[in-house]
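Each of the next two complexes has chain A plus one more chain, namely chain B in the first and chain C in the second.
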Partner chain A sequence: MSEGSPHLVVGGVSKRYGPTTVLDHIDLTIRRGELVTLLGPSGCGKTTLLRAIAGLAQPDTGKVELAGRDITNVPPHKRNVGVVFQSYALFPHLTVAGNVAFGLKVRGMARREIDIAVERALSLVKLGHLAGRRISALSGGQQQRVALARAIAVEPDVLLFDEALSALDRKLREEMQVELRRLLQEVKATAIFVTHDQDEALTMSDRVAVMNKGRIEQLAEPRELYLRPASLFALNFVGLSTRISGTVLSADNGKVHVETKVGRLSALGSFQAGSPVIVAARPEQLRIGGGGETNSASGRVRSVVFQGSRTLVEVDAGAGESLLAELSGRDGAIPDVHDEIRLSWPVTETFAFPMEAQA
Partner chain B sequence: MTRAAIIVCWVMAIGLALFLIAPLLVIAAASFSPTPVFDLPLTGASTRWYGKIGRLDGFWPSLLLSLEIALFSTAISLVCGTLAAIAIARGKLPGANVFATALVSPLMMPGLVLGIALLQGFRAVGFTAPWATLLVAHLVITLPYVARTMISGLARFDFTLIEAARTLGCTYPGSVLRVMVPALAPSFLIAGIFSFLASFDNYPVSIFLADVRTKTLPIRMLQYIEEAPDPTLAALSTLILAGTVILLFVSDRVVGLHRMAGTSD
Partner chain C sequence: MTEAALSAPVASPKVDRERLTAIGFVLPSFVIIAGVFALPLVLLLGVSFVDANGLTFANYKRLLGAPYYLWVIWNSLRLGLLTTLIAFLISYPAAFALARARGPLRSLLLATLFLPLAASVIVKAFAWTILLRSDGIVNETLIALGIIEDPIRMIFTETALIVGAVNIFLPFMILPIYAIVAQLDSRYAEAAATLGASPVVTFFRVILPLTLPGIIAGVALAFSLSVSAYVVPTLLIGEKYPTLATTIAKAYLLAREPGFGAAAGVVLLAIAIAVVALSARLSREPK
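Take a look at the complex of A and B:
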């Protein structure tokens, strides 16, 4: 199959557990070789969607196609998927090599071929020297790699990662994110990650699906997801932002003018006059000073947090509203706490979302 | 802890161990007694009582019966007890805890009460075949050992392993056989040994269900003591003891005795 054509197609998949709708008509198409993350809070349905793809959860409606084959009613052992579980789920009675060989043995591969495949998979994850070890003698990071090698060894049509990095400590996790992405691109794997960690999602994926309440709120490349969030939920879940509530005064060609407690602001979007909305902007768009055709608001600096390459400044704009600006040292003066400052930001980088979406 | 306290603890521990082991040493010594009446100090050693074991009246049928009942009840308990334990540990049954307690309750019941109850119960439904009643009664005795061991074994078992095996190409039954059974092998061994021993040396339940032709080994042994108390019985006891020690030693090599005692996992 050529690159770019649909490799995994999830069509109208729904799943209910009793009165709870866990998946609500999910549509998702993934190309061959693509790395996609399902990002969302716990209970958003991301793990259930992964399990539906793996065949471990049967959807109530909809279909799943993998590598041109309808696998909706195919049991997991015939799907040719590779899963890396959160707990790693390594077999304690087998050695490292035994774990990696498991799927190949089940497939009835010849012993010589198994040995070659195991060695190759273990060298990919740089664990060749530990082949004979018992699982209990490995560190968490090493176990993670064995789980990965075991899933890769069977050359699955899609690799599924269920919070696979969440058990590692922060530093190791960040290293693994970069290494895993490089490794998956090297073997040209198609992979789906499930995570609640936005950094992991932005680092690892070609596209991110933000999930909420059993639906995909936005499916976009990491950059687009950050710069053009499609919903208030997506805005909140990925990155920081300033959010101010207000009421739409008027609208003209793709822009709305909103009356807020900190003054009149303009934003991208189309709403009817009188609609309650939330106006939002990313912190790096805010600059000290006012001017021309920009949004601006003023207030007293509440806190200044130095974070190395950037400094986060929170401003109390009065009436319970606050502004969040990210200033880099090069822009000049960083204000002090209690300074009265004015911040401005471009209208083209200001979003408006319907108020009720927050509920 | 202070030094003195540690010494006191050690003295207590060694004293208790001696108290538990000493009678066993006495019976072993008695089995080598050269005279029919056991007397300390020993004036010599003889193995003639061991030769007399096989000639005891009704010994072989009783040994065979006890082995049969112990093996069959252990085998059936392992299957049923494991399935029940899976249901308790895994299925979200309402009242799973009540069911688990009920399953293990014969452990806490006096054997005498259990024996009378089973006898009356079997009579009431017209179930009187001695071999079969003994087997069913011993199932009641052995099932709690298996269920208890398997419930705690399964509590530590990560069922994601089965899912992992399935995604790697195993059918569901295949995953259970290739992953769950080997991972739980120590639990099976422990459950099997406890169950076998509990059945093999049971007296208070068996006595109510045995008849003249169907007597288990412990019943037969008590009968020998009443009839002719010579060191032959000591010899037999020593052999049983040796068999048990070998069984425990082998399992210690395989899984570790600390797991059998339940002091750690």
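Take a look at the complex of A and C:
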């Protein structure tokens, strides 16, 4: 199968638990070698979708195809998927090598081949020296690597990570994100990550599926997801933003002009006049100063948070609205708390979303 | 290594004090265990080497040399092994059922398991004699239903003995297994499945090894209780099935041969210890 062709196809998959719809007609197509993240808050259905792909949860409707094979009704042990669980689920009665060999042994592979494959998988995660250790003698980070080696060793058609990094501490997690992405690209694995951590999603994936209430709200590359959020939910869930409510006055050429409590603003989007909308912009688009063809609003600085390379400035724009600007010191002076300032940002970087979609 | 190097100079006086305190706390229990458990065992061992003529191996020679007593030992072993085996076959699935059950059903099942523990063994053994005797409930029911014409001989058979023993010692097998099964993470089975293991392979390669500690604890308990049972064989089968336990009682109460009784006690203890030690060995490293 060539790269770029559909490798994993989820078609119209729905799942209900009692009165709750956990998955609502999910469609998702993943190419071979692609790293995709299912991102969303707890209860959005991302783990259930992962389990449906692994065969650990049976969807009520829809189909799942993997590597050209319909696996909708195939039991998990015949699907050739690899799963790395949040708790790792390493077998405590086996050694590190025993865990990695497990999938190969149950496939009836010859002992010599198993030894070679185990050694290769362990060296890939840099744990070759711990092959004889017991699982309980490993740190959390090491256990994570063993779980990965165990899943990779069987050369699965798709690797599934269920919040696999969330048990690690922050620093280790950030290191693992980068290392894991490099490793998966090296072995040309197709992988799906489930996470509620937006940084993890943006760092590790080729594409991110933002999930909410059992549906995929947006499936996009990390950059596009951040720069062009398709919904208010996607905007809120990934990155920070300024959000101001208002009413559409007029619309032209894919732009709307909106009356808000902080003044008249323009944004990308098409709505009928009179529609209630939320106007939003990413904090790094806001600059001190104003005028010209840009949106602008003024107010009193409420807080200044220094974050190293940049500073987050929150401005009280009055009428319950606030502005969030991310300033790099280079652009000019960082204001002090209680300063009266004017902020402006380009119309082309301003989004409008329907008000009622607010989650 | 660095940890030890860093902590050693600072900690030594403190450790000594802590150790003294610890010894102070442990000492009373140690004295009680020594006095109540160890001392009688030592006395038992001593007495087993004594008869009317002084120090001797005669008690052991008589016990291990006579075919009759070898048969007695075999009876005890048979009772212990059969009870343990059958109890295990019932307990293992029962423990899973118990762990899967939720809400009121689970409480009900646990209660049915715990309540019989509150009743004396004698009461339960007598209950079985009432059920199983020729004019007992089981026979009368079968006759009333027309399934049999004449009562079947059930009481005073080995079947009755094993049925009673399994019933009485079952909770001691189920509870340790249940304790392990209840905390078994379902992710282990899922991980095995995604790695390509069928449910049967998952059971033998993952579930069984992970629940082994519970099985071993249950086997050790059920076996040591049933191999040394006295009331159950006495009431449910009687004279024709002498065991080490009934032999000990006879030696002390009727024959007035404390040395011989003590030797039988030591042999019984040795059998129980051997099984428990074997279990502990098996549970350590199943690799």
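Throughout what follows, the second predicted complex is superposed on the first by the 358 of 359 C-alpha atoms of A that agree within 3 Å, B and C clash if a C-alpha of one lies under 4 Å from a C-alpha of the other, contacts with A are read in each partner's own complex, and residues count from 1 in each chain.
Operating definition for what follows: contacts are C-beta pairs under 8 Å (C-beta built on N, C-alpha and C of every residue); 3 or more make two chains touch, one makes a residue touch a chain.
Note that the structure is a prediction, hence the values are computed from the model and not measured.
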Joint occupancy of chain A by chain B and chain C, clash or fit: clash
A:His77 touches, of chain B and chain C: first, second, both or neither? both
First, second, both or neither for A:Ala297, with chain B first and chain C second: neither
Residue contacts on chain A - larger count, chain B or chain C: C
Contacts of A:Ile135 with chain B and chain C, given as first, second, both or neither: neither
Touched partner set for A:Arg107, first chain B, second chain C, both or neither: both
Touching partner for A:Thr95 - first (chain B), second (chain C), both, neither: second
Touching both chain C and chain B, counted on chain A across the two superposed complexes: 54-56, 75-79, 81-83, 85, 87, 89-93, 102-103, 106-107, 150, 154
Of chain A, residues touching chain B in the complex: 54-56, 75-79, 81-83, 85, 87, 89-93, 102-103, 106-107, 150, 154
Parts of chain A lying in touch with chain C, wherever the complex brings them together: 54-56, 75-83, 85, 87, 89-95, 98, 102-103, 106-107, 150-151, 154, 160
Chain A-facing residues of chain B, complex: 158, 160-161, 163-172, 174, 178-179, 182-183, 185
List of chain C residues in touch with chain A within their complex: 185, 187-188, 190-199, 201-202, 205-206, 209-210, 212, 286-287
